[in-house]
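Note that the chains are named A, B, C, D, E, F, G and H in the order they appear, and that numbering of residues resets to 1 at the start of each chain.
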Amino acid sequence: MDRPFVDLGFARVDTDREARQGAPEAIYAEGKTPEEIAAIATALLDGGASSVLVTRADEAARAALRSVAADAQEDERARLAWVARETPTPRGVVTIVSGGTSDGPVVREVQVRAELLGTTVVVHRDAGVAGLHRLEPALEDLKRADCVVVVAGWDAALASVVGGLVAAPVIAVPTSTGYGATFGGVSALLAMITSCAAGVAVVNIDDGFGAGTIAARIARQ
Amino acid sequence: MDRPFVDLGFARVDTDREARQGAPEAIYAEGKTPEEIAAIATALLDGGASSVLVTRADEAARAALRSVAADAQEDERARLAWVARETPTPRGVVTIVSGGTSDGPVVREVQVRAELLGTTVVVHRDAGVAGLHRLEPALEDLKRADCVVVVAGWDAALASVVGGLVAAPVIAVPTSTGYGATFGGVSALLAMITSCAAGVAVVNIDDGFGAGTIAARIARQ
Amino acid sequence: MDRPFVDLGFARVDTDREARQGAPEAIYAEGKTPEEIAAIATALLDGGASSVLVTRADEAARAALRSVAADAQEDERARLAWVARETPTPRGVVTIVSGGTSDGPVVREVQVRAELLGTTVVVHRDAGVAGLHRLEPALEDLKRADCVVVVAGWDAALASVVGGLVAAPVIAVPTSTGYGATFGGVSALLAMITSCAAGVAVVNIDDGFGAGTIAARIARQ
Amino acid sequence: MDRPFVDLGFARVDTDREARQGAPEAIYAEGKTPEEIAAIATALLDGGASSVLVTRADEAARAALRSVAADAQEDERARLAWVARETPTPRGVVTIVSGGTSDGPVVREVQVRAELLGTTVVVHRDAGVAGLHRLEPALEDLKRADCVVVVAGWDAALASVVGGLVAAPVIAVPTSTGYGATFGGVSALLAMITSCAAGVAVVNIDDGFGAGTIAARIARQ
Amino acid sequence: MDRPFVDLGFARVDTDREARQGAPEAIYAEGKTPEEIAAIATALLDGGASSVLVTRADEAARAALRSVAADAQEDERARLAWVARETPTPRGVVTIVSGGTSDGPVVREVQVRAELLGTTVVVHRDAGVAGLHRLEPALEDLKRADCVVVVAGWDAALASVVGGLVAAPVIAVPTSTGYGATFGGVSALLAMITSCAAGVAVVNIDDGFGAGTIAARIARQ
Amino acid sequence: MDRPFVDLGFARVDTDREARQGAPEAIYAEGKTPEEIAAIATALLDGGASSVLVTRADEAARAALRSVAADAQEDERARLAWVARETPTPRGVVTIVSGGTSDGPVVREVQVRAELLGTTVVVHRDAGVAGLHRLEPALEDLKRADCVVVVAGWDAALASVVGGLVAAPVIAVPTSTGYGATFGGVSALLAMITSCAAGVAVVNIDDGFGAGTIAARIARQ
Amino acid sequence: MDRPFVDLGFARVDTDREARQGAPEAIYAEGKTPEEIAAIATALLDGGASSVLVTRADEAARAALRSVAADAQEDERARLAWVARETPTPRGVVTIVSGGTSDGPVVREVQVRAELLGTTVVVHRDAGVAGLHRLEPALEDLKRADCVVVVAGWDAALASVVGGLVAAPVIAVPTSTGYGATFGGVSALLAMITSCAAGVAVVNIDDGFGAGTIAARIARQ
Amino acid sequence: MDRPFVDLGFARVDTDREARQGAPEAIYAEGKTPEEIAAIATALLDGGASSVLVTRADEAARAALRSVAADAQEDERARLAWVARETPTPRGVVTIVSGGTSDGPVVREVQVRAELLGTTVVVHRDAGVAGLHRLEPALEDLKRADCVVVVAGWDAALASVVGGLVAAPVIAVPTSTGYGATFGGVSALLAMITSCAAGVAVVNIDDGFGAGTIAARIARQ
């Protein structure tokens, strides 16, 4: 168990993660001060991380990253900030399809993470089951994908439709899009995890970060 | 409030229901003795019901109906027994599609009830989303339907796919088919009620009886 | 699957929906910028939609519609904005009854959608079970309805009372009215979906839009 | 805290309860052997209980009571056995109405307990909302009641209808009657506890014993 | 069914309720404009209500009542405003005990409603189970009560302790006091409804209004 | 990480656990064949375990233990079988109190495990809140305890009452005793974990084994 | 949408699935008669399936497969029967680790499916977190895996431990092993889907079939 | 039951608690005015409390304590204020380990309470399972602890890992850290209470106060 990490007192930054698992630790901004975010980001960059990604980042959190890395990029709507240093040469294709316009921020989180980990990402938004013919332009990209990610809220039926069409592994991301009995994404999660299509596996509600991580691992094999 | 009923002590049989609402009272067999079932059936038939339907009927319950009506019919697997007397001349078409083979008994309950209330019923079984091309042979019947009923368990994605294709009102019946996080039909119910396709309305889990009732009302208009 | 849609990048606007299903796509405002709403509305209107409805629309969202359609109308309390162009000549009657005063915005959403799709809508508000005699003035309109919509929160008992009286199909809309164990409309939803009255089908909590859509389909048959 | 009880090792029989609270301890048969039931019953009778009631009692449990009390009575379907010794002279009227035939056993449990505690009980079964005119014959007894008990499963809408009509306190008993989204009585419980009619209070699912206890207390005042 | 009410369009004010059930309709302020509240209050007062109570009333709602009734009273913390006109001469005693200080507003709602309906109310606050000796000063008032109301959040154990001590009927009010697994009062509700003490009945979470209504009915008998 | 275990293929028996944690691995019988149970027990005994305990053991599972250890003891009702070899000399006192008679098997599981781990155990059964004076005889043993274990189903109010009286740490065990809204012990669990008395910690529903383990650890300190 | 299938009336067998998705349709035995199973198996084999797998198969279901395929194999405890015809030459390694002995049947379902789809499968059972050193012998196989599958019930902590160690994609299978608050696998599912280790995706409770399908797809890339 | 308390009307301050249970009453700030907090604090200090702790305290609540005790200390982020008067000489060691940085405020609440009650507290933050080697520096302190407290959100796997390593009693505190299916700490709570490691007991979500109380009781034995 004696692998490296950096002890900041409030955090033990896992600088070993990239060596061990091929993907650097990311920073979950909720519950952290800008100072803490800056310190963790610095520790990761000093530790040689190929990239640093801050998720769920409001303006202050994003500014914290900018303050320690001049080359920081960001996406306000997806609440992301990141630094790309020596990211791996892309290998494999991840195709993302989403059910509706409002799933946009989660789509973006999958995309940024999967690209930072070294994959080519293709995106088809708003191709949900209410108008299934809108999935047509995605068929080619679904076929050539090494991993497919389906992002959908409401009833998440798109995951099963795609899961019944493609030969690649499918990672499903339920989103909190919707109201009433969507229960903040629970109904989508349940539909995806009980999908009648075999070969679909599911991550947490709105967890674009997790989906991007496993999708990149799959696609790069 | 002074409309007719027959008081049997343990039951107040609503012999007025057919006059009032166009569909006779039915008998839910669970928790009733065969004697009670026979007595209620008799009261309904004596009251001029066009049909009597016993649902969730085990062999003893079905025998009870046979004992008071020589013309009783039944379906063991769907746990149904019924008597058709002067059922209305069929008007309108109800098209039923189901997700899988195991939804069979619920499909049958929709069908029997809708036919007893005077509709023409067309059935397409096992056309679920895991192999969507199997829905093709149903497209014609979906288009000509006055009401569409979708019966599905698991993630119930079929309801949204059909709901995004047809112009007729869609009644969705979640079934308890599946295991694990299907939670006895809850996940299907939630997916159907949060369907991204507008114009879908939902009845109780495994409630073929309710679906048949409203479908017939819609189709006969 | 090759039917038309307009690709805006962030949205694939289903301009085919009205031809296919008789009801135009609507715009769910949550999670969309005013610019996106304006662009989708324009695409729909350019595509020949008979009406455009924006739901869950705050002031900015409603202004977005006004900016692209001078003839836009709105209802602030119901958070709606809409444009009525060549809506179908009304056919059939939809009667809406609600349980209490606080259900008003959802009642309005049912009404606007059903009228835009071409029906005559009659409304009786605050006729809940706590004072059942207040339902009396609605009885005539319930009888002549082609479809009845019941809107209720709390225990939603009104749905079953109405469901036991009328011959028309009943669409029930649970609302999030109430506190404590109403759980944001869940208790109402459960009561409606387990209604002891047959022939009641249910849509999502607060989903006036969905109820208006299916009610119009039923009533226009 | 030094009031009497009888210590049997496996049970500390609360022989003081009747003196303290006006109603003797009862015996919940589940999880107890016939020997234990017989011993507790004996302790209660020896302690001067005016009655002993065994609930959820299968044949063995009922036989256990008979073996120690020759004057034991029973109701198989309601799974009850009881001994009535010097029960109080009846005072006050409890009117019970139930939604359907299948609620019978719970109705019976309310009735037996309330009678043993010294009240006059009137029963109207199967007067549910699906055919509301069947409630008519109960109106007189509802008006003259000192306490009303409503027993209902499914959506339990009857509790609110009655709760909006009567001036007496209403105790509502949800039952586990139904299937699917009734969730073993949960939906009925939720509907009753969120009743739009004020002045309704609720006991546990299928808890005729508890309802009978509080109803008798109210009615005897 | 032809009893009086006042139709305001957005509301059908049940001016008959007091005649029918002995307690006037109250006004639930959430989701109503000040104008609507003023109009309903006026209709009730004009209809001869002995009192008008507005619950869940913010400052604007309370001002609305003051604007139509110079004799309006209020309690800001309990979010109540009320007018007492010809309230019944008090009869019977209602004793309220609460678990903790934070249950104060709900205690107050029970008290105001029960007093307006014509009872004498005695209050013992913060007598929860964590320091059970604090219940001692309440014992006398618990014994002489015609109805006991227990108000408690968290685990609501006080309901069972009191339920095991007193001879009067016990109405339990779960409150949303607490955090984490209290789930906004759900755990308290569940504990109260499964109380090991017989003779306890439960109202909705934080529903002081409902508890006050039934408590007054019981106590005045 | 290189500590000993015995690999049986279907199981890796953790023979190191007692050395590491002071308490030997136990055998959970559900889902295991008698042969598997016998083999695991043998491995543990050969590995020098001071005791072996089989929980949730039906007759076949208990026989399996007897077949490999002539000195096996058992308790049929608690579904336990065990072998006591060189158990530690008792140190510290664990006092168990239970709410009702039906909690007996869980009480027994706590007791057997805590005794096997080397403590003196005192038991007071059926001292629940519905008749609180029955707790009196336990007060002395509660005061002298090094750890108190409360076992209760239904509303589990006893945990809070005891938690508000004693100075020792309290371990609470919710049981599945009860019906309806007890939800198999969930309501008890929620009440215990939200106890208004500080210093109460909770184990799984019916988990006498876990409670006995931590109680012994605490009491032996 | 015009791809082949075989219409048996009660089932539309998706003989195209293997061509389309690289994995043949399997047969879920629950709710199907032996005759139906035999007919579907025959249709699949006639359609050229490389293998046929029947899951959740009791003795009658397994016999049905044997009756139509002399080369059928089976595993009684895992409730599986299968026929392997021209399965693909294995490519890639799937390493399965499980938390406990009782997860055995689910482990087996993952293994059989993944092998039938053409992978090499390595299994390490009973390496759960309660004795983490038992994971040591699996480390080598975890490192060389192309896909890792973690099968665990209870709290499913093993998924996160493994998810924090390996570089391969991790598929997590919650099992229904456990009692009380495990809720039939729900707690395991929730723990896995909220895993603090990124790159873990989850399938349905006890769904070895789904895990085997996606694992093979990943490993064969 | 006649032990001392101070009656402030809105509160009955349990000044006896420290004598009775060794730990003074604390003040839960939510739902209390600053005036109430000041009055309760004064009553406790006047009653001789060794310390006063205010939890969930915003700036106003903390100022209230300062206004009555010049020696008040506070921690803004943990929302705590406290006064330490004659706290017991420390006895025993409590070791706290937490899963992530964001669990910081809860860790602090455990620490302050346990120190005020007279223990030595050692803290290791951010040692979660996603990078298990970060637990290494804590091993020594885990071994020498008299009680271990694990604080973790998300899947809370750390509780089981620690629970499988140490010989001391383990108190687990689920936190509300996370999003989506963490459900505000419910998933962590469920994982902890179903831990595969025996000897783990759980307190409420985010309940550092409760954990600190029982941990100090255990450690001081």
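Quick note on the criterion: contacts are C-beta pairs under 8 Å (C-beta built on N, C-alpha and C of every residue); 3 or more make two chains touch, one makes a residue touch a chain.
Quick caveat: nothing in here was measured; it's all calculated off a predicted structure.
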Measuring between Cα centroids, what's the chain most distant from chain F?
C
Mind checking the centre-to-centre distance between chain A and chain C? Centres are C-alpha means, answer in whole Å.
35
Whole-Å gap separating chain C and chain H, where each centre is the average of the chain's CA atoms:
49
Need the CA-centroid distance for the pair chain A / chain F, whole Å please.
44
Tell me, which residues of chain H touch at least two other chains?
1, 100, 130-132, 164-165, 180-182, 186, 189, 193-194, 198, 204
Pairs of chains that touch, anyone?
A-B, A-C, A-G, A-H, B-C, B-D, B-G, C-D, C-E, D-E, D-F, E-F, E-H, F-G, F-H, G-H
Touching residues on chain H, where the partner in the complex is chain E
1-3, 5, 7, 9-12, 14, 16-17, 25, 28, 30-32, 36, 40, 56, 174, 176, 184-186, 189, 204-207
Contacts from chain D onto chain B in the complex sit at residues 100-102, 104, 125-127, 130-137, 177, 179-182
Flag every residue of chain C that touches chain D in the complex, lowest number first.
99-100, 128-132, 154-157, 159-161, 163-165, 178, 180-183, 186-188, 190-198
Per the touch rule, the chain F residues reaching chain H in their complex are 20-23, 26, 146, 164-171, 189, 193-194, 198-204, 209-211, 213-214, 217-218, 221
